[in-house]
Amino acid sequence: MTLIKMLTNQDEFVGFYLLKELELKQTNGSPPKDYFDIVLCDASGQMSAKYWDVSPTDKETFFPMGLVKVRGLVHTYREKLQIKINRIRKATPEDGVSLTDFIRSAPIRPVDLIFTIKQVMDSIEDQDIRKIVAFCVTKVEEKLMHYPAAKTHHHAYYAGLAYHIVRMLEIGEFICKQRPFLNADLIKAGIILHDIAKPEEMIAQLGIVSDYSVKGKLLGHISLASNWITEAALSYGMDLDSDRVIGLQHLVLSHHNLGEWGSPVQPQTAEAVALHHIDSLDAKLQMVEDALDTTPETEPWTPLIRGLENKPIYRTKL
Amino acid sequence: MTLIKMLTNQDEFVGFYLLKELELKQTNGSPPKDYFDIVLCDASGQMSAKYWDVSPTDKETFFPMGLVKVRGLVHTYREKLQIKINRIRKATPEDGVSLTDFIRSAPIRPVDLIFTIKQVMDSIEDQDIRKIVAFCVTKVEEKLMHYPAAKTHHHAYYAGLAYHIVRMLEIGEFICKQRPFLNADLIKAGIILHDIAKPEEMIAQLGIVSDYSVKGKLLGHISLASNWITEAALSYGMDLDSDRVIGLQHLVLSHHNLGEWGSPVQPQTAEAVALHHIDSLDAKLQMVEDALDTTPETEPWTPLIRGLENKPIYRTKL
Amino acid sequence: MTLIKMLTNQDEFVGFYLLKELELKQTNGSPPKDYFDIVLCDASGQMSAKYWDVSPTDKETFFPMGLVKVRGLVHTYREKLQIKINRIRKATPEDGVSLTDFIRSAPIRPVDLIFTIKQVMDSIEDQDIRKIVAFCVTKVEEKLMHYPAAKTHHHAYYAGLAYHIVRMLEIGEFICKQRPFLNADLIKAGIILHDIAKPEEMIAQLGIVSDYSVKGKLLGHISLASNWITEAALSYGMDLDSDRVIGLQHLVLSHHNLGEWGSPVQPQTAEAVALHHIDSLDAKLQMVEDALDTTPETEPWTPLIRGLENKPIYRTKL
Amino acid sequence: MTLIKMLTNQDEFVGFYLLKELELKQTNGSPPKDYFDIVLCDASGQMSAKYWDVSPTDKETFFPMGLVKVRGLVHTYREKLQIKINRIRKATPEDGVSLTDFIRSAPIRPVDLIFTIKQVMDSIEDQDIRKIVAFCVTKVEEKLMHYPAAKTHHHAYYAGLAYHIVRMLEIGEFICKQRPFLNADLIKAGIILHDIAKPEEMIAQLGIVSDYSVKGKLLGHISLASNWITEAALSYGMDLDSDRVIGLQHLVLSHHNLGEWGSPVQPQTAEAVALHHIDSLDAKLQMVEDALDTTPETEPWTPLIRGLENKPIYRTKL
Amino acid sequence: MTLIKMLTNQDEFVGFYLLKELELKQTNGSPPKDYFDIVLCDASGQMSAKYWDVSPTDKETFFPMGLVKVRGLVHTYREKLQIKINRIRKATPEDGVSLTDFIRSAPIRPVDLIFTIKQVMDSIEDQDIRKIVAFCVTKVEEKLMHYPAAKTHHHAYYAGLAYHIVRMLEIGEFICKQRPFLNADLIKAGIILHDIAKPEEMIAQLGIVSDYSVKGKLLGHISLASNWITEAALSYGMDLDSDRVIGLQHLVLSHHNLGEWGSPVQPQTAEAVALHHIDSLDAKLQMVEDALDTTPETEPWTPLIRGLENKPIYRTKL
Amino acid sequence: MTLIKMLTNQDEFVGFYLLKELELKQTNGSPPKDYFDIVLCDASGQMSAKYWDVSPTDKETFFPMGLVKVRGLVHTYREKLQIKINRIRKATPEDGVSLTDFIRSAPIRPVDLIFTIKQVMDSIEDQDIRKIVAFCVTKVEEKLMHYPAAKTHHHAYYAGLAYHIVRMLEIGEFICKQRPFLNADLIKAGIILHDIAKPEEMIAQLGIVSDYSVKGKLLGHISLASNWITEAALSYGMDLDSDRVIGLQHLVLSHHNLGEWGSPVQPQTAEAVALHHIDSLDAKLQMVEDALDTTPETEPWTPLIRGLENKPIYRTKL
């Protein structure tokens, strides 16, 4: 079975893949014929595909997010690789393949990621801060097991959000040791909370975002998380005007740094400055790592990366 | 008694004024002498002033926000008019002058402004929206009687915020009549709520803002008002995910239109688009009107106005 | 007969439509076959269409801006709806359909719009201003009966420009009542003149702009209108340096507010500030209203709207 | 007599200078004393000065734009050189000094500059273009003898505007020879007309701009010149829609290249592209030359130059 | 034989052309058929083409950068002209056509361009500057015979870079005569060196850039040239800190004027300011001239030009 | 002895301080009197001061960068604290105070910082990279003992540059452990080299930058360091086109991330992306820490910080 990342022009191949997207379309011919416009993926990447001879039965058989066995031929179309599917059938239990093997996911098991996040959460010394963090985590705990951190920007895969949080917690722990003037409780809380409302902002399945929710578009995850902190504080009878509550809301509201990037206020506490830069460091390096991982090793350059000034990354040979 | 707006170079005058700012300083001479660096104001405007011969008693006598009787001489200093105070004494009850006569204030009585706002609020047909608006208005009702709408930008005077709201409500009413596809309840609510947290963002007395509060700087009035709507909805047991609650929060969050102007989301409902433009229309025209009012009629141009691309306004003669 | 706005995927339908665009193309096959690449429209919207079996007679029969009867099938192509035309014939007098029924147009009759504009024009008290406005209106009077206000941006339909002017005049009248310090003559004149040269800037038929004129591109409607005011003033022997003439030219030149939006000077009279904001309020709200109108009611979101920061509008449900 | 450019800290000197600015002020002392806040200039540069012991007679004697003989001492104040005037008297006819010797001016006599401009104008082959240019030149001919090209930006001295035009004409002639596809008539006309309305935009005396005119602020020199072309064309009965008239107006309107620099349209003819870059080349190099000229030769760096990205220029030593 | 620039819709033609690009693709049909996606060019321009019936022999016969004889038909595809190739064969020696006749190239012979550049180089009086320039020219001398100045931006043809340098040298010579305060040696050196590393930044053949080199992307031609000057100075034992060496590096580093255009420092010597503007003037006017040349004379407007604010150029008719 | 950071209004104090700046000026009085305009500093901060009665001896006695004993009084001038010096004398050896006690400096001894940097340098496994780094470090080794990292932006104190490098090396080490796909040699080299030319860009004494050097202004530290790498590679006979040399130059050239921040190319290797973000994280957090350290603990807000979007930092109280 060939990984999608390994396919090159004129390859003939057979293998199991996930039908990430599938749409029934019609050719321009007369009479028009039905065909499937498909995106096949596995854990190594994804590729467009066409299946030209769709039978009435096929229309009842194939749906997005199903596993299929495909025999196909790779060719180039508009300077990109594309698959022409010659044969296709649904995977059966006998095939012994499972959905989660075919999607990109964080390199650490979700259950371990959540465990780490909770462990850090429990290590927060300030009781009020710990309660507020726990309140917000509880709201999305189930989704945190599988949600990506973004649609395409970075950590766009299964459990990507939890992975992003855990890696930031590692950096945060180091920076707090290096610079004891930072309040470790606020750093921990800020990291866990900064994107905590993303699972309510986006609609995702198997780590793949299909759309943004209405409240995601009208309020955004930053204001949503700020509202949740209000809700948490009210439910525990905390003073909404305390430095604790305001400090947490400030961390969340300011973590995009600039107004044009979505933050209504700019970082104005030491921890808010740290949070923004830890977030940035982790997100950008992950973009680089993921781009290198999903680019064939023979290619010296990755594709352009939107989040990195739309530049590609060069694979230095030393 | 001469209005400050009327004073010109070399004028000698006597009159009652408000000590808007007063600071004790020392000359560079040897020995240094105490003097007062003062800002005098009345309802027509304000001017810098110096009082050079400060006695020990004076230091115990004069404080900011007190009324004084002044004999002075106007001269120019660094191309601006300045007052040299020759004599100064505190105003006494016998003088029959009252603080509120000496500050700029909205042309309508605060009590009438509040009455109008409440009347419009009570006319909101949707019960949930009405309750949320009332909840937020109650939080700042007392301050709404006198708070300005901004430090210097626009409506920067006694009851300026309430006046801004009332004028916007008038425009909003007209626009809803002209364009029935707009939801009048949301327009009314949006106008009343859009700046409702400003009294918590700024610290003001007699319509004069001295500073921003900690939560004003760390959260900003936009996120504060969004939190209040959460609080209101929770206290009435409303669904935080309803179009009502989200719609109101969206109105508040988006009313600055762009990220670089402080809005974390851009207007995405008809009423949010309307709210931003009604706000803009009222604020800009008030800046113009106020600048013309506080510029001597003999001057063809007002000073530069920051909120109007830093341009002055010309007094067209027809 | 089905309105285009109502068509959904897989619909089969018969109806009369306007051939808004029609181009003869050839398929890639060997031998290549002729086909028509078409845009069909009616008053409710427009949709792409293909007619695959073009006969030599067809080539002599069908031309843009003609009415046709079509039998077709809706399918999706590149995520957009498209029509496959199965049969097509020209509409005949017997069909009893008329061109203007098939184009989007202002909701008020052109003749009534022009009547209103002239009525307001005649109410201008200053004789010179009235004469200049009349001079400019006369230049484009005929085109004002049907020209849109823009190619796609806003009021992009039959008599859209006149409709834009009339609605702005309504707002202007209200604002002048609310703020008597504004000069009503200048507001009226500014509103009527601000886009008055648009019919010379664009080439349009039936409310549809096909291109910009050479002088539209090289001078722009703003400078054109300024030139017309010069021409009017000269023809009546008025002083080009009077506050009247300069004031009117300033209104026109500054109404886009910023240099990057096409205004060589920024608003510096009270009326110029008002004009810009009235223009903005009307144009933006009309974009919203038109987007909601041409989006099927079942869709919660309109398409992205370029003039609104490229955001879609959400149909709040209350 | 010492040139101002040569004065250094602690210099004592005697010489004739022009009172470029003079304002009567009062010290903070008690009683306050009158003093003059002065700017002295000669052809080499200018410097601030104070005269501390102003007598009542002095107030009647000294006015801006008069020539004086001064005995003074140079010291530094806030990191800039300043003159303390010890003695001052008005220049008399016997002194044999004349105003124009004390101002910066173009290195070519105004009469010669005008002669060159007219000569080029007369060499324009297209009769209509020549007439329009002549019409506009006539409007400002007298002022062209002495107006600067800008308040401070570039060529800010006596006859600076005419000098700017003449130098651009030299470059234009060379470029037209190098690139015969350019229309030499349009290049000549564009260069002469591009800033032709500046004398109406600014109020200047002896090459020193004191302010902008009302029409300068409300219309700007670009739109003013465009209006003049309309006026010229109308007065000669030319077709306003001809490529000639539109082409000339386009040259003027687009010569600032971008909207944010004041051009309502961008260059869209070959000659308009050329005009913008010739203007830019001449203006920037003149800024450099003038900055080097007015900086003492011992200084390796000029002051910061606003028009050159606010950078200073280094005097390379080779 | 028809020039590509002359081809219009529905033309049938026979002629020799260069296969600028050629890619083997497959149709969507079943079974899919091979076809060539081609770009044909000659010295007058280029056009897309399809060849639908590709035989196995054809695949071995046709490659990019080969000359072919083509019989074809012009049609429109997606609003652009495209060629359907009916017959195609390789050019043979008997055809008497030569590669360089089919590519766009500078209007002056490369050998003459290089001669001129060297002549100017030899006229540099300062020995060190002359040596450094010669060192750098030697590095790319061979490529200078045919390299373009950019991929598409300007002078994008055979020997375009040398042509750009020569034309700039002409302008530079004129400007140095007009303004003797400029150092002619530095102007000459700056012009020759400013883009001297472009042949190492880009990979080009026959004046056509196919890609950027790794060092082109990672360092850019500006830093590369700066490194070369270091290398030259070291190899001749010159002082790296002399005004000479720093001055030359400054010319190269600053010639894009702004950071966002790629210059790490802004022009801060007279010659650096001149260099940027001479570069700009030549590049922009060449874009205009080339756009007009490659647009059919019947077209009043050229296509949009990216380097000219994405505007088209109008062919003024006088 | 009172630390400058502790001084408040009306304090009388005696202590030793460093004369960071001293300028002889004259009062406006008649006759004018000499006075010293002074900046006093110690390791805790700095403050303006005036000494009004300067004797001729004083002029020969006091110079910048000398230690003095001062008796003074703190007052406010233009809303800032200022010292009026009543007595001043030079420090003598008997006073037992030493210059370095009075300047802000890194919290780690320079010798230890250099030791760490060299240790890391020696741990670079790639021999060529190690040699290049060593070559560049040697160039500035002495200055690295005391140079600040910037004039005012961040780490603006004694040995600030070495401290910045060491802290970045700590972060870099952690990040390389966390993300093994990064090349540790390049990260180490990039951190040591990124600002290595700053000591040649700026002129500093005791950690205080007085100016930029000519080559600092004309080339900038980024291009200077790139040149040094060329020089190092040439001196060791390395291939200038190897991924090693290009990779190191890319790290230095791209570390400011954007053109408008001074980088001629954007980061396009994994290590370059990491370097920029590590630099940013360290610099911003140090700005925060230093601002909090030099602000009296009683102040809840630091002054505005230019490098942090010109925002102040709030001292959260938990």
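Which chain is which? They are A, B, C, D, E and F, in the order written, and residues in each are numbered from 1.
In this text, a residue touches a chain if its C-beta (ideal position, glycine included) is under 8 Å from a C-beta of that chain, and two chains touch if they have at least 3 such contacts.
Which protein is which chain? UniProt says A, B, C, D, E, F = Phosphohydrolase.
Because the structure is predicted, anything quoted here is derived from the model rather than measured.
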Query = Among all the other chains, which ones are in touch with both chain A and chain E?
reply = C, F
Key: Interface with more contacting C-beta pairs, comparing B-C to B-F   = B-C
Remark   = Distance between the CA centroids of chain D and chain F (whole Å) is 42
Note = Chain-centre distance (mean CA atoms) for chain C and chain F, in whole Å, is 60
Ask   = By residue number and range, which residues of chain B touch two or more other chains?
value = 214, 217-218, 243, 247, 258, 268-269, 314
Message = According to the definition already given, which pairs of chains are in contact?
response = A-B, A-C, A-E, A-F, B-C, B-D, B-F, C-D, C-E, D-E, D-F, E-F
Key: Of chain A, residues touching chain B in the complex   = 214-215, 217-220, 222-223, 226-227, 230-231, 234, 240-241, 243, 246-247, 249-250, 253, 258-265, 268-269
Task = Going by the contact rule at the top, pick out the chain F residues touching chain B in the complex.
result = 27, 50, 52-53, 75-77, 79, 84, 300, 314
Ask   = In the complex of these two chains, what residues of chain B are touching chain F?
value = 23, 25-26, 28-30, 32, 214, 217-218
Message = Residue numbers of chain A touching chain F in their complex, please.
response = 126, 167, 170-171, 174-175, 178-179, 181-183, 185-186, 243-244, 247, 257-258, 266-271, 273-274, 277-278, 280-281, 284-285, 288-289, 292, 308-309, 311-314, 316-318
